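Listed below are the structures to be examined.
Both of the next two complexes hold chain A, though its partner changes from chain B to chain C.
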Partner chain A sequence: TRLAEGTPRRSIQLSSIVEKRVFNEDDIINTPKRTKARKSISIKSADHDGDDDYVPELSTPKKTPQKTPSKGKRSTTKSSTSDVSGTPKTPSQKLKMIRSGEIKPSLEKRGILAGSEKGKTDLQIARERLHVSVVPQSLPCREKEFDNIYTFLEGKIQDQCGGCMYVSGVPGTGKTATVTGVIRTLQEKVTDDELPPFDFLEINGMRLTEPRQAYVHIYRQLTGKTVSWEHAHSLLEKRFTTPAPRRVTTVLLVDELDILCNRRQDVVYNLLDWPTKAAARLVVITIANTMDLPERLLMGKVTSRLGLTRLTFQPYTHKQLQEIVTGRLNGSTAFKGDAVQLVARKVAAVSGDARRALDICRRATEIADAAASKPENSSKDSMQCVNMMHVQQALAEMIASAKVQAIKNCSRLEQIFLQAVAAEVTRTGVEETSFMGVYTQIETIAAFMGASTPTPGRALRICSKLGSERLLICEHSRNDIFQKILLNVSMDDIHYALKVNNTN
Partner chain B sequence: MPDDSEEILKTRKFLKARLLRDYSTFRGHENEHDNIRQLLKRTAEMGESNSMLLIGPRGSGKTTLMNAVLTDLMKNKDFVQNTLIVYLNGNLHTDDRLALKSVTIQMQLENATDGKVFGSFAENLAFLLACLKAGNKRSKSVVFILDEFDLFCSHHNQTLLYNLFDVSQSAQAPICVLGITCRLDVIELLEKRVKSRFSHRQVFIFPNGEDFDAYIKLFGELLSIPSEKQLKEQSERVAGLKHLQSNELTFHRNHFQPSKYKFHKKYTESWNKHIAGLVKNASVTKALQAVFDFDISQAFLKSFIYRLVAHINNAAPMSAQITAESISQLAASYEIDDKVELLCGLSVLELCLVIAIKHHSEIYDRDPFNFEIIFSRFNKFAKVSSTMQGIERPVALKAFEHLRNMELLLPLTATTCKVQKEFEMHKMALTYTQINQTVQRYQALPTEVQQWSQSSII
Partner chain C sequence: SPPKDSAQPQTSPVRNKYQNARKVLNSAECQKLPGREEQLEELKAFFREHLENKKSGSLYVSGQPGTGKTACLSLLLRSPEFNNRIQKVYINCTSIASIGGVYKKLCAELNLKPQGRTERDHLMAITHHLKTSTRMLLIVLDEIDQLCSSKQSVLYTIFEWPSLPDARIILVGIANSLDLTERTLLRLNARCELKPKHMHFPPYTKQQIVDIFKSRLEEAEVLDIFPPVTLQLLAAKVSAVSGDVRRALDIGRRVVEIAEQQKKAGEREVKLQNLNNIVGEVESTQGQQEEVLKPVQVTQVAAVLNKVYGASQNLQEDIEESFPLQQKIMLCTLMLMLRNEKNKDITMGRLHEVYRRVCNKRNIHPLDQAEFAGTVDLVQTRGILRIIKKKEPRLSKVQLQWDEDEVNGALSDKQLIASILDDTACLAK
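Moving on to the complex of A and B:
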């Protein structure tokens, strides 16, 4: 019993000695001990209350010079890139400043300015306008959806109540662009004093490493500070549940909602539960791809909170795509009308993705540029213009299927191998073949063609090479001659590529 | 001829260095080369954001093409000053956390110091995105090179790919995402929102499978010594590489330096004449045709030539260095079946077991077997044979285990359930042809065994 009593007492004594020494005699104590003690303190406080402790630590400048002079000396050389303040910063100090939002994230600037507007050709201007990142002021062909979201948001802001909306549609149909367009219009109205002011927050599920980081991102957009998610969650909970006078409406845009869904769905629940609180005045707009996400993935109570205010963005038709592209071109003559129409029709038939159409148009301008720069062409048509041929080439490049080309460019034995797999599939009638059966087919075909038969070891190498290209799907070669082989190209492709007609 | 022998040694050194360390010479595919160069140039000069995939079979020179383009661009001062190159490899950066740390270090962001990144994964991602968002056309372009792109597709949620492609499609810092992969169907691995953000520019690199003449020409080119003028041109081409300051992309560090080598004019002429004579030789053409039939990639040809070059020694005169015979010999050595070689090294007892297995497989149409089955079959033969009598069961079991350890026999299932060693079922990873070849080639095989291998009837 004595021992059991003794141990804690001793530790208490030790710690008290250390503290005494720290506070009494500054000079004698060597640095490692002191930094250790300091570290443990800061870790403890970080665990207990996340962000409050950064402020006092930063606001004690008298401690920083004491702290390991050697480190500070080293960091002076590195901190030359940061232009926030001239004081030497250790990495951990820098991290604290990043967390408190004092360091603004920045990228290196380029030395030479980008080319001026004047020197650009028609094609270059058209290419810049066609870039997906250049979002026009008002999206064409999305007026109805714009009105829908606008009236919803305006109503919610004016009534000062909370609410939810679910927006869905396949990628590239202008969902996020429309919503941010609505927000921009509303913010303009606020500056004109036609609407009560509101806060706008935005998170994207794919930009988070895990669903709970959503709290951190929301809190950072409110205050600029980075804290742990538990802390952010409790602070947000406090903010949205307690009534406060003069609280403005908050509009929260949640992109890629399906990523925020985990098994527990606590994050989605919280995001959709806050608007129901009277004190919150939170309007949540959620965006996802699938139309039936609430019913398919979300729990009943979450679906119920999401409500029935929904909007679906249809894929663009070919007419709409054509309008979008001509809208971007803005009367420039770089494109022939039928060229745009061809792009629109081809893309609308596949996906109705506006990004796809714009990218293909941009590629067509590049091809036209390259064609015009060639000496023999430039004399023929001095006017640089994207015509049907350029668009055809761009379409062939970007809606590419290179499998036939890949088979054509295989070596002779690889081609024999592919033929053998196809022959084995026809013989057995089953899709899945084994290497042994294929090898007997190789022997037959090679004898027929007068080529030398590869040894099984070499045939395995060919097999794994074709497997890495994904012309075949095969197992690991560890299974040796018992591995299963699937054909990943259609048999017609093989025959077409190898010009084998109906001779056998 | 002491002078000549020195030159021969120098030639060997030169050829080896050129085969192994010339990372940036890419032959052919001018259109594709131009396409990528233009893309990177536009990213650097005009601040355009782009994305592209470079696809081709293994060994087709995708990385070399990339290196060649970078070497070209390194001469351009604007490019060097205005771009950051970030290199990621799917084999090294196995998850987004590692990849993100590497990106932060290579871009020299604020939260990285001396190759160490501070903060959690989530913080790093948020900070990187904030940095990219803060950028505009005035900030430096960032070129992301993602080697083994298909492996990045298997990361959780494809967060990194989504964010990179998303930045390339929004008005933020100008970036160019360049993926390199050997999978033809890589686009189908992308999630639909990632796929929508990708610009669908794909460049395919296929080695030309129909042009054997070009292959022969390349063979001659890789073996011959360039003239002084060509050497100078080449050294000028790689001179710009010293501007490439990247810790991750390392091809410039130990690059082949053509300026270090100098040859006598007379010697160069006679060597090249010797090589030109070889290229025209019919037996050389035949040997190369066999190599070409198997694998058409330049990488394979280079490894073939390297083995030729390694045999150069200064004791012999120049005409005896690389001969038609040595080439056909080497090509023939590629055709050798390694498993047959392995089987020839077995003891007679082990070979007898293999023959017993063969008989069993022939009779029961490749049914699985265990030691007991094989041992009884072997015993039938051993009883009547004069050489194999008196072999005890443990010895045979040891031989059987040896065969298994060499993976000539594969266990039927990988389960470790408690089946006794003698009763575990196996299958044979050999073809009958291989066994027959072994029996023919085996040194000093007893005639009894040879006869037994012909038929199972004793």
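Moving on to the complex of A and C:
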């Protein structure tokens, strides 16, 4: 397991020496650590303590802007370290600096400045506002959930004890946005001195290559240093089990909890066991999609530790989705009211996913843009606006089924093949057909239509082509005539597509 | 820097009784363990006997989660009675990197210096220490089921230590399952001196949970917040379901939280009323200052209990209008197929075929197969369905996890359900 980390053994030991020295004096490190952690949350590229000799802004003017825009983490750090301090040049030294958090990753800046706000049309502004990444200050239609999480966290921070909460709901119902919104509000209260200070850490199960990497990420957010997971785990264990007089509450947000579950479930167990220690003052908020995840997937002792404080985010109704979209548009007239309503109703009928509604709206603005740029439209209607037609088109694009089109665009022989499979399924009454039976049907249909029958070899080729298009599900063609074939489209689709085709 | 300044006024805000009760009902470690006197005595007797005879022994402690096994043993580890007579080690087996890593951790806890870095060197160092040390050694291995492997070599090695010549060790293993030693460590049965003494922690009874609540609330002098009736109700429910004290404390805390919220909401209303009619300002502000403590009501406790234990019931009120239409139609179609077809294993493809017919009959645009699979997946997160994955998405099986009445209740759209369930014509091919 140690080799799998990809870290040279020597560097682990070096960093462990540093760690031990720092960790013995528990009180002293608490304060610098806290400031560092908070800064790294708020502004990633901000410079931190005085011993830091690397400022990312220094390196950018030295670089030639004509270069291809690559993620120049490696190159920028190299140039900067060489011209600032001069001494560390070898890759291993640089790696050590990266691991100890002395160098922060930075991205190359663009040479050309971004366009100004003025030249934008109504539609463009609306499109920017409708982007999924623009999280509004207060989430509409989630006030109840916000209050729930807020009172829980505020109580835990005031009581200075630990606890867990489990938040669940289908994707796109505002779980993570609500929780981070609560944290932001609490942090504002801390700066106003109405609440004791607290640390905020965040991990996401999907961003980890392995469940145990969670320890590394948590430890890095606490101290800025990267160590191996065994080491990080023992240091975290030490931190959370030994009492320290000036420890502040730590709020840990665990997103995508179900990814962190492996067979042993040791990571989840540890993350949920630390809050039960009196010394830890750890509050864990876990987020996942499944409502009954604790009962379905977790072990009994883990479920018992997770507790019963749970909250479920229901999918948005069409009224709520409408409110969300109009809230984003913020009084802009780029959208017709009934257009928004159509989007909301269509999305709410399927999933109630806010991301999807926003995406469809964005697509509708693009379609409206394209329609307006055409000369015949722009002349008669100067006012750009998204109407029902545009939304209809966007919906058709995003909730469309392309299968009928695909069948229509098949070659003649492929269509005969599909017909033959359908006929064989009706004949036998079993969904699974063999190539042999299908081939007999092909012969019949071809004779009926007056077309020449393809040879079995060619029919196999057609079969594998349809299989790669996923219109059929078929086995490998080395089984030739005994291979099994399943329809991946419904029979009605085939009849519909071919009949409409015939009349043309 | 701001954190330094604000570190002092942490305790300054005036805390009301609700907050005190909430804090004292935490599920962290505690000093007093009411309801576990018998087990504590038994453990003490076991330790004392082995200490006086200078004899090795092993013990296996089992019980459901939340019955206080770890709490009892950590209380004994801290107790002054054994403090200087015995060397104590506590290891939680979930915190080791791999199964073999337990030796390394033990070495670290015992401050041993092994010869090399391999697992075997660590083991040698431990056995050497066991043979030579003069003090009694107490090793507590929490969550010992994490050490199970196919050959069980580690577990056997550990449980053989007490029978080593000259070893003075008391070994305690903690786990959930009642028969871990019998089931996984069969070979220990062959020799009586190897077999660990078994001790079971039964789930807490109703009276014990009431005692725990009483002792905790008395500690913070907030016993009056919970009237005895509510405590009895809570304890009766929890002890009947699991007897897990973590759950009981959780529910107790939740009740206090909700009571506080409701009281706050009530105060806010009173304030609003004050603002509205300025006439009654004087007397009502006086009424507020009294800070009356409202004990929690039976209805509040019952509400929390219902919410926690009646999973599908509280789903009903949440779902009401927010269940998407296509998901409703999908569920109804599934029920229709289950009711009328002999073949109960329903694949995604078959379900989709029927669903399309149902949709077409109702003049609703049916979803594409890819989209439909996503919809079924979303319903799965509610626990109503289970999808058994197969090689192809079309072939994966869909199983209903609730019974029909529950689904009917959850959908709360009787007209739609009735019309679809009558529609057996859609089934025919």
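Everything that follows uses one rule, which is that the second predicted complex is superposed on the first by the 411 of 504 C-alpha atoms of A that agree within 3 Å, B and C clash if a C-alpha of one lies under 4 Å from a C-alpha of the other, contacts with A are read in each partner's own complex, and residues count from 1 in each chain.
Just so it is clear, a residue touches a chain if its C-beta (ideal position, glycine included) is under 8 Å from a C-beta of that chain, and two chains touch if they have at least 3 such contacts.
In this text, all values refer to a predicted model and were calculated from it rather than measured experimentally.
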| item | value |
| --- | --- |
| Partner chain(s) touched by A:V170 [first = chain B, second = chain C, both, neither] | both |
| First (chain B), second (chain C), both or neither touched by A:T180 | neither |
| Touching partner for A:T226 - first (chain B), second (chain C), both, neither | first |
| Chain B versus chain C as contact partner of A:V350, first or second or both or neither | second |
| Chain B versus chain C as contact partner of A:T326, first or second or both or neither | neither |
| Partner chain in contact with A:K403 - chain B first, chain C second, else both or neither | both |
| Chain B versus chain C as contact partner of A:G300, first or second or both or neither | second |
| Contacts of A:N289 with chain B and chain C, given as first, second, both or neither | both |
| Contacts of A:S92 with chain B and chain C, given as first, second, both or neither | first |
| Greater chain A contact set [chain C / chain B] | B |
| Touching both chain C and chain B, counted on chain A across the two superposed complexes | 170, 289, 351, 399-400, 403, 488 |
| Residue numbers on chain B that touch chain A, as the complex places them | 34, 38, 45-49, 55, 57-58, 78, 81-82, 84, 96, 107-111, 113-114, 116, 118-119, 121-123, 125-127, 129-135, 137-142, 157, 159, 162-163, 166, 169-173, 182-185, 192-193, 195-197, 199-202, 204, 206-210, 290, 292-296, 334-340, 407, 410, 427, 429-431, 434 |
| Chain B-touching residues of chain A, taken from the complex the two chains share | 75, 78, 81-82, 91-92, 94-95, 98-99, 103-115, 124, 127-128, 131-135, 170-172, 206-210, 213, 216-217, 220, 226, 256, 259, 289, 351, 353, 355-356, 359-360, 362-363, 366, 370, 397-400, 402-403, 405-406, 408-413, 436, 439, 451-452, 454-458, 462, 465, 468-471, 479-482, 488 |
| Chain C - residues contacting chain A, complex | 1-7, 9-10, 13, 15, 19, 22-23, 26-29, 64-66, 92, 94-95, 97-98, 143, 146, 176, 244, 246-247, 250-251, 254, 257, 261, 308, 311, 318-319, 321-327, 349-350, 352-353, 356, 367-371, 374-375, 378, 380-383, 392, 394-395, 429 |
| Parts of chain A lying in touch with chain C, wherever the complex brings them together | 1, 31, 34-35, 151-152, 155, 158-163, 168, 170, 190-191, 193, 196-197, 230, 233, 237, 246, 248, 264, 266, 269-270, 273, 276-278, 289-292, 296, 300-301, 303-305, 307-309, 312, 314-317, 348-352, 399-401, 403, 426, 431, 473, 486, 488-490, 492 |
